[in-house]
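Chain naming follows the written order as A, B and C, and within any one chain the residues start at number 1.
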Amino acid sequence: MAFLMNAWYCAAWTEELETEDRFARKLLGKSVLIFKKQDGTYGAIGNACPHRFAPLNKGPREGDTFICPYHGLEFDTNGRCTRNPNEGGTIPRAARVPSYPLVERDSALWIWMGDPKKADLDLIPDFSMIRAREGWNVVRGHHVTKANYELVMDNLMDRTHVQFLHPLLKLMGEQPENFQRIQSVEQIGNMIWDYHGEVNCTKYPLLDALWPEAPDIVENYFDVRWEAPSNMLLNAGTVEVGTNREVGVHLPMSNLLTPADEFSTHYFWSQARDKNIGREEMDEMIKAGVAHTFQNEDGEMVADCMEMMGTNDLMRLNPVMLPGDAAAVRARRILSSMIAAEQAEAGLV
Amino acid sequence: MAFLMNAWYCAAWTEELETEDRFARKLLGKSVLIFKKQDGTYGAIGNACPHRFAPLNKGPREGDTFICPYHGLEFDTNGRCTRNPNEGGTIPRAARVPSYPLVERDSALWIWMGDPKKADLDLIPDFSMIRAREGWNVVRGHHVTKANYELVMDNLMDRTHVQFLHPLLKLMGEQPENFQRIQSVEQIGNMIWDYHGEVNCTKYPLLDALWPEAPDIVENYFDVRWEAPSNMLLNAGTVEVGTNREVGVHLPMSNLLTPADEFSTHYFWSQARDKNIGREEMDEMIKAGVAHTFQNEDGEMVADCMEMMGTNDLMRLNPVMLPGDAAAVRARRILSSMIAAEQAEAGLV
Amino acid sequence: MAFLMNAWYCAAWTEELETEDRFARKLLGKSVLIFKKQDGTYGAIGNACPHRFAPLNKGPREGDTFICPYHGLEFDTNGRCTRNPNEGGTIPRAARVPSYPLVERDSALWIWMGDPKKADLDLIPDFSMIRAREGWNVVRGHHVTKANYELVMDNLMDRTHVQFLHPLLKLMGEQPENFQRIQSVEQIGNMIWDYHGEVNCTKYPLLDALWPEAPDIVENYFDVRWEAPSNMLLNAGTVEVGTNREVGVHLPMSNLLTPADEFSTHYFWSQARDKNIGREEMDEMIKAGVAHTFQNEDGEMVADCMEMMGTNDLMRLNPVMLPGDAAAVRARRILSSMIAAEQAEAGLV
């Protein structure tokens, strides 16, 4: 199972480099060293020393120099070996590790692990609505899900499971007669918008904390924007019916999936809100709640599914499809044809 | 390594469904949901929802309806999807899980995982002598042995290891001059009877508990009846010599092996006795003793052997054969040719 | 990845058979039973009973007879089945396990797992300088490193990593102007000598304990003698400059590597010294220090490298080579061509 290489993936939250000056992370099956440079910008290089494949993250760092813990080869932030401290001291021409473009955008560090010449900054997906801004509080998290990233993607692009898997987000009781569910899928180039709305619906338990003054009957919206490979904006909120989504609580969210390997997925999420802002205990509560939902409810479920599947390739098992899968199936098809095109271009197939 | 599909395997003891109303168990490599229906009969269906392969046993049950924990698809006891609670609500034609015939007989639940049309109840092996009946106490147990089921079968069809592996069942001291060991193997169709007897032998340590009034010199018998795939009756006991097996303690036992997969085996055993009946502490003692023998003595040994073998196929290693293997070798041959015939019929080979 | 079969490997330290009369050890992928015979000599046979592959080390031993724990087959120290205690009692002709030449030399037990006819005692590498002798103390150790043995071999034949990986052995501070590093590699038949010297160098931290009276500026030597498959003498010491290596502390060491399998390596080491002798606490200190260095510093590093490599074959990854790798690369080439020749002779390639 090949990954899409010429694409931006989230490698880390910038805040992860506030407490550590570097760390190694497995991304697309490769160990990558991620760091903040002396000048405040960020960088990423291959973490395996080209000499004996020792992990560079376990060696010392001096300024912008990373020193192999095994034989002391020194590498700069571009992955070039700049010094061989050993007898002779020659630096072999091949002594370099890959350098990966890594840029900060909207509190995330975006990495490009394909052909660096194609690393167009304009291709970084827009998550500006999640960035820190006046009137909004944002919380973020990262965890690893033990499942292939496409299964996590399916989960995120499917609204129907919420009613079964998430007790705190489940609509309570019977729905009014004028309850209306709205759903449509729109493809714009290689981007998918999956629109969902619940008009005139009852509240879900968590709403009491998010928007205590909410009326009894509300409108929910959760529009998912997917971009290859697996970066999703969940534009969600709960509003007073008929206010054109204006009066209420708005909860846009980013869900950025980066394969660690074929069997596990880095899950970076952030959630902004425009109510209860400036309250730190509310930040903590939401952070813990979202983490619980994604790790223990969704995360366990997709891991269970993957274990039952016994493979990382859903399609080989001829799954039954439901209408709620429409958006995810389209996303899988787009992704699949992008990967095929990339492999063909690289002469790999 | 293919399993014999058109055959009855023990899936569970009925008593396992007294404390739980359903559970999942891996049988022949597949996850199976086993349950008691509202009408008191039993059923078994595939445990993987055909939509995303979520485990049905982790979802709620309402009456005779099993609800997928992920998207709420509902299945009846025949594995048919009877409701899709999501928008649209259509039930895809392919939305069904396999249904497996499961019938109660002699306190066991027997499952047929091959072609349901061939599931002839008359083929369920007869273990009526183990069922609860006047004058007898029966104890039962279940554990998983970390070895291929054929290795466990070999172990059960071989009396000679008892003297080396089981201290409590080992004949003590020197045998009298008129000691006689009797052994023969008989094949009746695809059934094998492996007869063993020890006439005029010393006692084994456990006999003091089983039959305190036993004379010093006794007769042991342990006749094993094997039927494909791996269900064995051990008709055993210790009697006064020359009483035509009448005076003494009779200990018929069932040993029902069902592959969980190629590397581990469900072991269902039951033991009846006609002495010390009605004493609950004796039940507990025997249950613990048999479980210890099978799990820690036989179970560890076959797991050790499998680890040393490094494969699940004994025959590939050209093992040295001893006379005591005669019955097991015949059983393996019958089983092997039944599997080959089944594969050929299914066009698989 | 094939192992060199016609070669002497260290199987154990003789002292390991002082506390136990036998034990099983995995060597070259096979489980081997290693024992001391009644007559005081040593022996090794295959540990898997040829009947059902039960581990002989778990059975009883009576004199020089090893009894299978499963069915009681008895084996002599040559691996021949000498008794079948079961009904019939015939001993099948094929009932034997391999017997491996195992000889004591210099406190080590050397095993030959290839063609026994080629097991020439003169091929056992000479480690006489490590044996117990007047004026010297020797400590020994054994551990298992979670890496292919060739990676451990590379580590031992490379002096340059010491400065980076081993804080207690690292030269302190700046080196004097007349500091001189000497290095050369010599191949004598299939033996390699890798000579290293540091003349007019500062001390390393551990020297204070090894040779408290050492001058501030010293000479270090560490000449590595490699012989196939992976037995190395490290002839090392620290001396007063210009005394022809006479005045100082001499620390010859054996490093004997025996593959457990492709992914893990038995590491047998011993270290002799001619200072601080007869002090038991010094023995303990050195033993703990060497064990720590090999297990936690070198051992962790090569295990890390192997994990990063994701394979046991370094060369497939086209590693960058440094001058310090010269000896190790030669050793790998010799070993590789010896294995190829052996495979060709055996008709395996």
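Basically, a residue touches a chain if its C-beta (ideal position, glycine included) is under 8 Å from a C-beta of that chain, and two chains touch if they have at least 3 such contacts.
Just so it is clear, the structure is predicted and the values come from calculations on it, not from any experiment.
Asks: Same or different interface residues for subunit B and subunit C, judged by whether over half of the residue numbers are used by both?
Replies: Different; most numbers are used by only one of subunit B and subunit C.
Asks: In degrees and to the nearest 5, what turn takes the CA positions of subunit A onto those of subunit C?
Replies: 120
Asks: Which whole number of Å gives the spacing of the CA centres of subunit B and subunit C?
Replies: 48
Asks: Going through subunit A residue by residue, note those that touch at least 2 other chains and give them in order.
Replies: As it turns out, subunit A has no residue touching two or more other chains.
Asks: In their shared complex, at which residues does subunit B touch subunit A?
Replies: Residue list for subunit B touching subunit A: 31, 47-48, 50-55, 58-59, 67-73, 84-88, 90, 92, 94-95.
Asks: Give every residue of subunit B touching subunit C within the complex, in rising order.
Replies: Residues 151, 154, 158, 160-161, 163-165, 181, 183, 301, 304-305, 308-309, 314, 317-324.
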